[in-house]
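Next, two complexes with chain A in common: one pairs it with chain B, the other with chain C.
Right, the complex of A and B next:
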């Protein structure tokens, strides 16, 4: 009984003390900051480079940041913020995350059966995952779970796929992938080379029928849009000058695709 | 008076919280990357631990001990420390903006610092009075800040060195912490 009373009394006293102190001495939050914060999405994705939406709002009010860095706020919200703060919007180029791997279960082979904890980072510890290709998506969804917007789906053939229309390019998944297969690329790019394995073509083709074998067909067709990665049997889209969607047709393994 | 001086010296050097009693290791490793953050964290710990030491001792002597429920100390102290840190944060934000900004994120982090709870529990275990508890906590916190400052300075210089790849990062940090703890063993002959 005494136990109960003492815990309740100490808890109540602390609670009341905190309430009273914050009532009497609490600092009113800056109203402009509050308003700016309401214009942000509240997803706390960190895509702007500040610690959460509150951090960005604080930096905006302090003048240390410009409106337009938030990629997940509604259309027109950045303009409203700019009006509120009396500064100009600096739009950053919209980016999306892309999983640079095409090797789903239909195309890529597995070197082993992984029965452990259902997470890519755990699977990575055991002989770098079950995929034969050392650069293959493990498909256990570390990226999908970390995405605050639910933009990444593990498809039916166990490959992570980013939904471009939902992705805001915050970059959380980039750090979550133990294979480092996810990169942020400009949203304007239509097609990508979905392969990151630099080894010789025949070698990776044995492990994955969707690998970029480095044949150079795309480079020959459109040298201004695609280039070969130096020292690797791998093509890479030039994101400064992204290729048209039609170029995907020349790729024999369909590594170059949407 | 002499007993207090030996208590303070003992807390700072002989029974250093981090290096001898192994309390508060997480901030010791976590925020010792630069002297600046170490100073901030050290200051915040001294501040909170002194005040928390006073209040937990007050609760222990006025409530827990008279009613014979000393076994409740852990949970009650956690409650009290969390509350004190909250109140301190509000008051600091209002009355001392520069200090609030300097302590920054370290103030709420201290709520979960085991050194604060450890000091309060040791005080009640040894049945220290109100004044002695406060002094003990303040001195222990100073010892913590000292260890943190020394360690962060070492780490700052280590950043310039080129250790073997296997030791780079955390392994080297842990070895350094061990060596520092061994160095502090030299003080063990200083007092009781």
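Right, the complex of A and C next:
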């Protein structure tokens, strides 16, 4: 009986204390900020450059940012936000992540059997990941695990592949890849040179049958769209003037592909 | 001294020192030597030769690129075939000089032997150690001249010579102690004089009674300072710097500190021998004793290899593989801390204490299970960390937590992973966290340096702006 009384009294006192404290120190939520935040995707991907959706919403209301930086919100949401805040939308160019490697297990060799922790960044500590090509995708999925949208898949031949239609270009995977194989490129580009190894052609062809061997066929066919990387046996798509999809047909190793 | 010394934790793996009775043999000359320019901690050496140059044995081919770096010498006479990169034991590409031997093995003019070294200025001896390119030959390959130049404000009163060789399978230091005790002790006295210390200990594990006996007998001739041979309990990692200091002096190196913080310097047996050879014979460090061992080998043994010898030749020298035997794992170093290499083209370096082969029945496939919270790793961790807790934190990428749980103090000895009943890859976790936290600390330091520099520049600018006013 005494116990019950004590519990009830303590409960009442605590309740009163909480009620008073919340009245004195309570922070009024900014209704505009709340509304703006609701228009964002809530993925907290960081693609806008602010710490999470709440951070971007705060910056928007404070006038430090313009609507349109969120790449994962629904269509029309940016316009709604702009109307709400009375400012103009500044659309940024839609980007997607691309894994610049074609060397899956069918084409690229591995020089050792790695059976440690199943993560690229852990594998890098052990003999740099055991793939013969120093610029080869390890296929252990560090990028796939950090992707908040599930846009990256490790295919059956252990190569990371970005699904362009799902990717919003937030860039989280760029930092996760220990070999720095992922880059954000304009979504309008259809084909890319999926290789980043700068060494001589025959050398990398030994390690990977899908390497860009720097033969220059694509450059000769379409010099306005593709150029050779200076000092490396490597072609690079000019993202200011992306090549048409048909150009992929000239590449003998199919490093230049979709 | 009859007390047996040891430290907290540790494990006692099967010793498997099968080659301890096999005398050291000089390896024959090989046609090609791949000499890495980065056989030490610190900046890679700068190459002094060009393709096509003729080099002689012991000729300097690389010069230190910074304070923490080392000199590199040619292992034999011949022509420089190419300068490029080669695969190192850590799986990374190292800059290297490839030397095509001419078979003559013509020696270059040696460094002047300093026979009267007892009356020579320690600074000259230290310069000789640097010129001979001597690094710690136990495995970490820290440049010895850096170790011997004591930072200002630190005092050294104890020199500990590491003859522990606690790694299973390895016997190179053991053989060196048996076969060359005089040179080792000369080297020990040299280092003691360079540091000006009075307490000199040689720590040797109890499983090498013959080495203890030989060195104790020989050490009686040394009185200034007296050299004490200390038998130690057989316990891995007795040969780790901090553990050895604790076992012998009962001093604890503070977290993040160096042996100099507890007034100690630890030096390897092989390095002591190399220092003596550099001073007395004028011979630079271009060869070392390496154990080639493992169950798939016909005749495991100890050889004196020139640096740059490929592992494939070393394996051939040990009789090659037994009939039907296979290599499942090739390890540079010992089984506990050695690095698995995937190519037999990796060259012997100044810190290659062993080349170990393992058969398929010795290599267990990795199967990581959840931590059982049994606490065995806590019992064996010689740094008294909590590897189990750390590994769970690291698995969840909570590197800040791991840092506050002192992951940076981990010495990667592998006792925790050795004893873990769940087969967790604890060392790999620790190494991941150390690389992540290390990168973070380096970035913080760089940012702090940049901020300090900007502040100093701003202050200088303000002072400069004020100065003309003062003139008026």
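Throughout what follows, the second predicted complex is superposed on the first by the 236 of 258 C-alpha atoms of A that agree within 3 Å, B and C clash if a C-alpha of one lies under 4 Å from a C-alpha of the other, contacts with A are read in each partner's own complex, and residues count from 1 in each chain.
Simple rule for what comes next: a residue touches a chain if its C-beta (ideal position, glycine included) is under 8 Å from a C-beta of that chain, and two chains touch if they have at least 3 such contacts.
Given the structure is predicted, the values throughout are model-derived calculations rather than measurements.
Within the superposed three-chain model, A:17 lies in touch with chain B and out of touch with chain C [touch as defined at top]. Applying the stated contact rule after C-alpha superposition, one finds that A:25 touches chain B and leaves chain C untouched. Of the two partner chains placed around the shared chain by superposition, chain C is the only one that A:126 touches, whereas chain B remains out of contact. Of the two partner chains, chain B is the only one touched by A:6; chain C is not. Contacts of A:112 after superposition: chain C is touched, whereas chain B is not reached. Comparing the two complexes, no residue of chain A contacts chain B in one case and chain C in the other. Per the touch definition, chain B reaches chain A in the complex via residues 59, 63-64, 67-69, 72, 75-76, 79-80, 82-83, 86-87, 90-91, 93-95. For chain A in complex with chain B, the residues that touch the partner chain are 2-3, 6-7, 9-11, 14-15, 17-18, 21-22, 25-27. Here chain A touches chain C in the complex through residues 111-112, 115-117, 121-122, 125-130, 134, going by the rule given at the top.
Only residues 90-93, 339-343, 365-366, 368, 425, 428-429, 431-432, 435 of chain C touch chain A when the two sit together in their complex.
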